[in-house]
């Protein structure tokens, strides 16, 4: 399962990288969204999957899945949410001010001589 | 007793699974948005409710009734139709074409008459 | 901190007061206050003369960074004191001269004198420091203060150019010297010159010895304007003339000479040292004198003459090192080379100082320094003429002035090369006297040209910007004092020999003194009919001939195109470095985000994959894997399919729906991986995010018009695949290399007893790792705040919404 | 026996999800996709329910309920967007 | 923009919002023992408010709930920090929680835990942040 | 007071939370921020002296023993960096009073600065690798807010790129932590170090070491990951740029120093060799950039990159001497970069443009600014006795002693070019023909100059008083060359 997940994560990364390399603002933002999904899955995968019951104290259960990575992922998810929201608004504000959503038209090297 | 409950559980779950297959088939095969909504909002809802009932019975036999299931079923029961309604209306208003095989478009007729009335009022 | 340290720092300390004095006493020329400083110091240092002439030295230490071996150790010996006296003595004269040269009404005197005092202090520091790091510090200070002095008229383009050039070259030398110093420290474990001298025997065998030698010499050569680093010196003439007189006669450029003399005991045992110092010196001597002849600006002639004279002293120092290889002092004629070097150093300071001041007077009174406009000034400026003639005759090496004496000794030194069977000198060494003679001829020519073209010949006063007349007496005092010294030293050279030259030579060649030999300095006018005398006569004869036919052969100077001169190369190099950098930089700093990302991702892939390969990090271990169920495979396919859909989606809403589907699937995976809290959070956040996207779509363009080429897509695809592959490979390897139990068993065991909770994830979040959570909500809060500010506050429109 | 049935149902439902996903990818119109997404979400509820029965844990029941609510929220947001372009109005009577 | 009447949606919203909020409070309080907690509770409450925004509008929400969400964020943050800072007074490490089991008349044995206070901070921040973001974007021109 | 290491984080944190209540009351915002920054400075100095006397200070947050909870670890390096950060923030806030638009001040500017301080100080102090990620995020999101505040076209454009890069690097950070956790099963940095030592860093851990280098290198701006830096740093107003230039890249460097001395010191022949090569290339590209441009901001920005290379070169040599040099230089660079940016800010305020072609002769009207700049420039180039020298000397010395000659040579050469690049500003901006300016009034320039000069004075004191500073630095080096000290202080075995 871990190997399957590693491959899935790799593919997600591939998609995300492709999106990030494209020209449109929105596609880039979608790319970062997919990256964060991949990262969260990766953290869980790396700690070993399905090693016991859900980490909620239950009578008679001794083996629990590692709860620590779950807590880390939760933190990461929330942070990713904040950043994504910010990024999204940044994207549309940039579009409003600059008037294009094409990264190639957002160079900013005019001042260099 | 356990035999009986197992039978019910199995029955509901299988029905649910069947209905979800129906949903998928409907979504694939039906020709336009309006017909596909039927598949989604009717059979899917019914399917999930059926599964939930099955599992509810399962947990009941395991050691206790869990109110979350009832709440969940109730929830889906009231939200699914509203969701379906909203979506259909939205797609109609946003200008999605009906399937050419459609027989009737009441809303359009309705609108037409309304517009006619409006133009008449303006004339007078 | 002793009085000696205070003496070194006095110029810096008094520099602080200058701006206030300038502002406070507008009626009095600030120079009068400044004059006190070098005068006091000169008197102070004179007191050390008896001490050093007896062969004693004084060392005073002030601890600065003792733990790094960096202490401000002041060391006064013959060599240091000689320089200190030159610095303060000539310094006094220059300040006096400047009082009449720079008008207090027009000039920014507070700046000028601050720079000058800083420079003076820095020079004193260089010559009196025993610690190499402190020496380096003052060394860089001389570069910087001369930068300021040269750029004193900062609104002139040429001044800025000259200032920058001198700083670049000298600081370059300084830095390489620092490298040499560090190497010496690594070899010897100390920054103290005296201690290094004591261990010179062991240093010479060290493999770092040669690099250290080269680096230190680089420092000395750049400072002393040795070929090919001499190019900064002519441009430094943009400074006010008093500055030129000071920097280029007695101080700044002599710092390099000082360094070579000072480090001789450490390095001179090496043949490389001898060859390099003498070789570069003699080439510089020739090149400087050769080029001086073609100049038409009076100061430029003097600049090249300075270069050539510095070469002369340098070559003498180099040959003097040979003295170390001969034990018998009686027939050690190489000692004479060192003596000549020290003697000429003093002589050069006197005659070059006076000549610079003379040129300053001409410039001040006529408004030009262009030799083609000048002529016939002798009747109007007789005193200046006298100064000029004494100075330049001394420079040309004519009797009875001091220049003649040292020139004779120089020639003796050069001729002695024939008797040297050291380091292959017998073969190429023949070039030394030949070049020396040729250079002396040119020296004669430009010296004569300097005087004759200015003061004799046809008067053409109509070309001059000002009506010329003799300078005020105040301006003449300093050069007169200097030319008097020229004459006095010429007639009574032995005034200096025991008081100054001998101690200095002893400091340069301490190992000879240690072995019981005494330095005997005796300078005479008349040595009999020696080869030197015939050479001098030859110089005068050929020189006079060349001067007479100057117009005929001057053309050869134009043969070298500007591009191939060293100056041209410097300019081209500098503009190339700027333009080239810009072109290079613009080539990769494209401003395209994608390009940067491509660089970054490519590097990411390349270095990680190669590390994985080199370090054999790849591992795959299938023994400890969780089982795979059929439906999980399908879910994985669904997840992948949704993600791929995002790539191919034509419209933004399709992308969003696909992203949503992927998000929901991820939540389902969380359920499969027994993480209910995660699933809950992921679901809500996914939904809220989707709503946010929908909310923002209103502000985005409906259709993306960014059509991408196939090549572009293909490139992206390759990089993407590689990135994905890298992540997968490392993931598999790290998972397969699990070596330890997780610490989380502690959390599982103690969650109820110690933290009173049942949901481990939540307890970790609020208790075990509550600190994380605290700052995580901080992140959220800042994000919200930022979004609010971003939307509400639009400075571009100049107002808030 | 029951476990086997649950497993099979799970497999059947995931397979049908694949079919639903086809509609998400294919479209052709946005409402098609939204409907499919909605159906996908509802299938997820079934899967989670069966899965918790298989694991015999009640840890995921909150998820089920939550999903019910959120699927609705998503649908509302999407349909409002389709209809009006803006999903939250400042004042609907403007 | 077309004006439509959303009677059906609004009616359902009234019921559902109420239920979601109840559910979110349940999630929040049970978080220490079963899945849930400050984050999820907060997000659910925010989701309920979002539903109101969807069905009605921003103005209506302000009439119902007269709160500045930015201040709510700040308050939540401050509560969370101060909970941790409390430990400083006793020269204990920051964020050291204290708890005890007490018997309440109706609810039975309950644990009284300072972590709950911390969680309240989290809860408020999450609601405040989510709503600030949504409202600000919604109001933007 | 067992929570002492926490105070430099907690004080700005509480301040930020309080300031969020009344963003529109500028006076109160200013007063409270400056007082609290002062408090942070005092706290960090108390911390430094406590560490000097009692060794490394740790707090086990929540009272959970070391590897299980989160531990804050203040060793001398962290404390010094925290102190430098707090000082710089204090002066930049002071500078901002006169520089920032009122609009900025009314829109959470001070709050974001305080949060930035929280993030930076936290990242310096934490002893937990995941917690470091959280603090990185606090720092980054505040920097996002700061960079975009004002919403000008250029800012939005550049901050989009900036955010994108950092989102990617944050994702990579989490991945790196996940990999590490997979292998060693712990997050506490001391514990990680202990466990890595136990298995003697197998190949895969070397790969992860490189992964960490990439993550932190993206933040620190090493070659070839720095490309985003010049553009992004050019966008925001000067006080913000001063904070960024002085602090943000340094956090990346600190993280590299920490991980490369505490975790991955078993295969220095490979990891540190790569670090060394990259740092040398960083110096080269930095120099190229500094030579190429004639924009005041840009020249100084490229100097940040050069400094990054110099510091990391010292770390890559991995001898006590070189590391000490790196730390000396690191602290110097933080202070002097802040000062230089503030000075550039004054120039820009006067002239109304940041390009050298619009400047000239400023020294005539504003001599005090000119001379302060001159001293700062010398300090940057490492001319003794100013602050950059000792660090550079030690790095060069360490490099030579380790029998490496290219790196030290490059560093010496880069000093020359650094000097050239900043003197370009001096000769063209301050010297040259005076022009008519319609920017700021002289009185305002003087107000801006006071905090700037204070920073320069600190830099000079740091250089001249190297002997007084040195015991602290040597103490900071100890845990870096001997991780056992760090481990023992944290795990208390």
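Just a few scattered comments:
Note that the chains are named A, B, C, D, E and F in the order they appear, and that numbering of residues resets to 1 at the start of each chain.
In this section, a contact is a pair of C-beta atoms (placed from the backbone, for glycine too) under 8 Å apart; a residue touches a chain by one contact, two chains touch by 3 or more.
It should be emphasised that the depicted structure is a prediction, and the values quoted were computed from it without experimental measurement.
The chains that touch subunit A as well as subunit B are D, E. Common neighbours of subunit A and subunit E, by the contact definition above: C, D, F. Compare each chain's C-alpha centroid with the centroid of every protein C-alpha atom shown, and the nearest one belongs to F. Chain centres were defined as the mean of their Cα atoms; on that basis the chain farthest from subunit D turns out to be C. Taking B-E and E-F together, the chain pair joined by more C-beta contacts is E-F.
Distance from the centre of subunit B peaks at C, each centre being the average of the chain's Cα atoms.
Mean C-alpha positions place subunit B and subunit C at a centre distance of 81 Å. Averaging C-alpha coordinates per chain places the centre of subunit C 70 Å away from that of subunit D.
A separation of 58 Å divides the Cα centre of subunit B from that of subunit F. Put simply, the C-alpha centre of subunit A and that of subunit C have 49 angstrom between them.
Among the residues of subunit E, those touching two or more other chains are numbered 2, 4, 9, 16, 23, 27, 33-36, 39, 44, 47, 50, 54, 70, 73-74, 77, 81, 94-95, 97, 129, 133-134, 137-139.
Annotation for subunit D: residues 13, 15, 17-18, 30, 34, 36, 55, 59-60, 62-63, 65-66, 69-70, 72-73, 76-78, 80, 83, 85-88 touch two or more other chains. Counting only residues that touch two or more partner chains, subunit C has 582, 585-586, 589, 591, 593, 597, 672, 674, 676-677, 680-681, 684-685, 687-688, 691-692, 695-696, 699, 727, 731, 734-735, 738, 742-743, 747, 757-759, 761, 765, 767-773, 776-788, 790-792, 796. In summary, the structure contains touching chain pairs A-C, A-D, A-E, A-F, B-D, B-E, C-D, C-E, C-F, D-E, E-F. Subunit D contributes residues 1-2, 5-6, 8-9, 12-13, 15-20, 22-23, 29-32, 34-36, 38-39, 42-43, 45-46, 49-50, 52-53, 56, 58, 61-62, 64-65, 68-69, 71-72, 75-76, 78-80, 82-83 to its touches with subunit B in the complex. Residues 13, 16, 20, 61-62, 64, 67-70, 101, 103-104, 106-108, 111-112, 115, 118, 122, 130-131, 134-135, 137-138, 141-142, 144-145, 148-153, 161, 164-165, 168, 175, 179, 181-188, 191, 195, 199, 202-208, 210-211, 214, 218, 224-225, 227-228, 230-231, 267, 270, 274, 287-289, 291-293, 361, 363, 378, 383-385, 389-390, 393-394, 396-397, 400-401, 405, 408-409, 412-413, 415-416, 419-420, 423, 427-428, 430-434, 466-467, 470 of subunit F are the ones that touch subunit C when the two sit in their complex.
By the touch criterion given at the top, residues 33-35, 39, 129, 133, 137 of subunit E touch subunit A in their complex. Per the touch definition, subunit D reaches subunit E in the complex via residues 59-60, 62-63, 65-66, 69-70, 72-73, 76-77, 80, 83-92. Within the complex, the subunit E residues that touch subunit F are 70-71, 73-74, 77-78, 81, 85, 87-88, 91-97.
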